[in-house]
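Alright, structures below, take your time with them.
The following pair of complexes shares a single chain, chain A, combined with chain B in the former and chain C in the latter.
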Partner chain A sequence: MIALTLLMTFSAVSASAQNKDRRKSFQSWDNYEITTEKVGVDGTKFVKVWGFGKNVDAATMAAKENAVHACIFRGLPGSATAMSTPPICPNPDTLASHEDYFKNFFAPGGPYLAYVSMTTDGVPSGTDRRKVKGGYKVGIYVQVMYDNLKRKLEADGIARKLSSGF
Partner chain B sequence: MLKKLTLSAFACFIGLTSFAQAKIQDVVTSDYNRQSISLVVIERGDSYDSATANAVRSFSPSEKYDINPISTKSIKVNKLRSESVSSEETGAAVAKVGFAREILASIFNRTSDGMMDDKTVRYRGNYDAKDQDVINARAARVGEDALGDLGQRLIAGSYIVATDFYKVERSTDKKGKVYWSVNARAFAYRIGLRENGLNDFYEKCWIYEDDDAATRDAKIRAFQALDIPMNLVATSSNSATSSSVESAAYDCLSGLITGLENVIPEWEVAVTIMARKPLRAKIGTKEGLSNGNRYRAYSYTEDDNGNLKSVPRGFLRATEVANNSGMSIGETEPSEFYQVSGLANIEEGWTIKQSNDLRVGVLAGIKTGSMGKLSFAVDVDYLLTVNTGGSMSYAIFSGSFDINQANYTPIFFGLGYGYALHLSRFFELMPYAMLALDHIGFSTTDTSNDRFIRESAFVLEPGVRVAVNVAYPLQVFAKAFADWNPEFIQGSLYKAYNQHVGHKSGFGLQAGLKWTF
Partner chain C sequence: MKKSLIIAALLLACQAIGWSQAKKPTIMVVPADAFCERYGYVQTVNAMGETVTSPDYARAMKENADIRTLVAAMADFMAKNDFPIQSLEQELKRLQTEDAELAMMTGKNSGAEVDETPLERLRRSAKADIILDLDYEIHRLGPQKQVSFNLQAIDAYSSKIISGNTGVSSVANVPMTSLLEECVLSFKDNFLNGLQHHFDDLFANGREISVTLLRYNNCPVDFEEEYEVNGDEYELAEIIEAWMADNTVEGRFTTAAKSANRMRFNQVRIPLYAQNMNGRDVAIDAEAFVKPLVRMLKKAPYKLTVGSSPRGLGDVWITIGDK
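What follows is the complex of A and B.
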């Protein structure tokens, strides 16, 4: 009996801890998946990215934000058909030191939208559209105008130009 | 005792956990690619070989399959046709032929000098490409040329379908007309080739223009020595009766393929809903879609542990079928559907997957009215057409037996047509009309040819049927109808017996349960 009680308590505690970890991970902006699909046409990156939101539209917007965020801060992982891409701003302090700039950049309807286009056919669908606790998780194909984004951040003094070190 | 209880509880816990895990892994996929098949007949070395081979040769599977025209059309199993061949016997016969080699030779258009090309692969890749593939290709530097490469993934979806016909029996009806009944079984074998195997094949067997003679010979030998297995993935059975062995065998084939479709998930078309009101999805004639075909909708959820799970959400039927039998250019015309069950409205982005049915409803219940105070009734309906607004047409067969007058064996049976309207997917209202025969078969000594007609009366029956979904495919139904049974269309014996039975024109009601198969 004691063993059974212990077993059930252990299961409940373990499940609760997992849920807590999961909730926490959704609150962090770094918690998204992104994969490079193929080498994009010149000046662009073609990726599949996931986003989370209260509904499908919000999750789709979050995924677009994530794609631009990855290009700026995380870089894009390589795949069987494409090399990895380093972040535009490799310095981990960039986000903190330019907080106001990025708050405005990533605001709803903000400038970041000019650098990302969804290429998913229609709405996110099939296994790329998942109901999760608290909302939806969607995976979308996007094209990020990587070169234009980089030029914009360089022009605004956020990213360093390659020539600036010489 | 306590120890036993604890152990049992632990075993239950482990059992439930593994059951839950098994359920989670059983996710309905939203991917679908065209599959290719080759039909092969199993010969028994008897006089029926020719007829069954002709039946298989003349059969064309649905447009959703590509056909690999391989050179071997039959395999031989030495066994009497009185029973079916076993999987082991078929497996041994299949293993004797290098089917995988023949499939690859067919797909790569291999010539007698060992040269191959990828024209078929590229064509099939382009033909299979979905709008998303086209959009992806345009977003990538490699461009739309990459669509042809998609054909590589289709090679692993190549199958041999070995068909066996057994228990061929001849029968003759009263008029001397001969009928043949045939039982059939199909064995589907999938090529045991995955991506790595294909790379190996290219490396060892592909002959290039600039290869010298020795290299060519080595590659030809490597091709001849290819040992790629064919793996049994499913079997199905069917039977048919017709006026000849060949036509009975032919009639079995469609059901055999449908039977295989029901057990091979890769053969079931899956696509996502792209729009609502009306429900639309980008499939059509290319996927063998036709009016009334049934699909099942699924949404996807992630559980607390991040495991993906597919949730069934109801059934729908194809209404307007788009002709999409061309290459995709990113703007494929969708087909339309009507949702027939499910508590939730089907949403954009949900997956729908082929879920074949017979389109046959069986209704069992109790009937009361002027043609019998209490009858046991069985109706059968066949769904003819469905349209986007939810109206459906049915062919109806109705039969009932008057329990109160069982001594006179009063049987009522009729054929009719119904046009159903759906006020919602849960509620079907169907006006119908039927021409029926009410037969009272009391006489046992009269052997005259027209006895049946003299013991019967024609009945005209207009009516209305209401059916409500309980848990699809189970419905509750009720019928209200009027039976018109005037004396001038009553047989003489019928009139005599009916004085005791008391069937007459009037109104009636019927209620019961309906199950759609």
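What follows is the complex of A and C.
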């Protein structure tokens, strides 16, 4: 009996820890998937990005944020016909050193929205809309105005210009 | 009072920044030798009985519309990054016009002609500090086409590849111009990132240059001549190496060749700025870096006739025995 109680307690603790880990990884901003679909028109990147949220709208907004986040901090992976894209701010300390700037930049309805154009028509459906525990995970096709985003960060002194110092 | 002091300090800071801008390297897109060979843009020259082929850039630029499209697309994104590239086509035209004008130019009163040594004439050719070596190939897959490209940014002086990009376009039945533009858009950001990395390194560790010292045969001494320094005898080559160690960034340089008649230093890291004769901080290149060495060799105990001749921003020749 004692053994059974101990086993049940251990299982409960283990499940709770797993849930915590799962919640942590969902809360982490680095936990998203993004793929380059094809070479975008001049100055843009055409990507498929996933977002997680309590409902489909929130997940779609999160996906948009993720697309801009990837362009700034993570870079975009390459595909069969498109080369990878380096991040605009390759320095890993950029987010921490300009925390206030990025808090405002990524605030709900913040300036980041000016650099994304959603190209998926309507609400994501089929395999691009998945019901997961705690909400929805959606995948959307997004066109990011990469060059405009880069110019903005250069003008605001966050990213270094190629010609700076000369 | 306090406010005016702050304004004065800000103005001084702005001036200092204005003076200390590093020299901007020039960039030029050049069709790769392999591309010129493949499409027959080569010229054959008979050099001392030996037939040598060299790329005919003027013909490649004139006859190949695709390469013009690529150059235009690259020039566009470089200009957007405040880094306009030099046009090879225009530079070749300028040199042609310059040749014609120099041949006709005479002094107004004396009728004298402009003097030019064979070496000066040879060096008056199209050159840039960073060469973008461009190659592409068209593959036909039935009615569809695909372009594979190879772009290398090469530091003209160290011959090091700063940024290399290879890739393929999508397979499509569209005009070549669209596929070529797609290629440029595909490698653009990676390529710029490679350049940025190179410039960051340049600002952190100094500009990389090469220095060559040559001896004319009328020079009374060679690089093995011994001089007394602090009571000990040292070869001239050792004294020059000590000067390099003292004046390079963190003493970084490699002695690539050392003999009685010739010395060559490469991977020489020089500071971007130095003080000029008026004590002002100015951006320097290879020639400005070696000027103090040239002055040192002219003075006692060496008392040599020394000349320096730049071969661009990052390569300089120093000659002893004559200029």
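Going forward, the second predicted complex is superposed on the first by the 144 of 166 C-alpha atoms of A that agree within 3 Å, B and C clash if a C-alpha of one lies under 4 Å from a C-alpha of the other, contacts with A are read in each partner's own complex, and residues count from 1 in each chain.
Everything below uses one rule, namely that contacts are C-beta pairs under 8 Å (C-beta built on N, C-alpha and C of every residue); 3 or more make two chains touch, one makes a residue touch a chain.
Every value quoted in this text rests on a predicted model; they were computed, and no experiment measured them.
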{"item": "First, second, both or neither for A:G40, with chain B first and chain C second", "value": "both"}
{"item": "Which of chain B and chain C A:Y141 touches, first, second, both or neither", "value": "first"}
{"item": "Which superposed partner A:V132 touches (first chain B, second chain C, both, neither)", "value": "first"}
{"item": "Partner chain(s) touched by A:M83 [first = chain B, second = chain C, both, neither]", "value": "second"}
{"item": "Common ground on chain A, meaning residues reached by chain C in one complex and by chain B in the other", "value": "38-42"}
{"item": "Complex interface listing, chain A residues touching chain B", "value": "1, 3-4, 7, 11, 15, 18-19, 22, 37-42, 44, 46, 56, 119-127, 129-133, 137, 141, 143"}
{"item": "Of all residues in chain C, those that touch chain A in their complex", "value": "21-25, 80-83, 165, 167-170, 181-182, 185-187, 189-190, 192-193, 195-196, 199-200, 203"}
{"item": "Residue ranges of chain B touching chain A (in the complex, touch as defined)", "value": "2, 5-6, 9-10, 13, 27, 29-31, 130-132, 135-136, 139-142, 146, 270, 272-275, 299-302, 304-306, 308, 330, 348-351"}
{"item": "Complex contact set, residues of chain A against chain C", "value": "38-42, 81-86, 90, 146-147, 160-163, 165-166"}
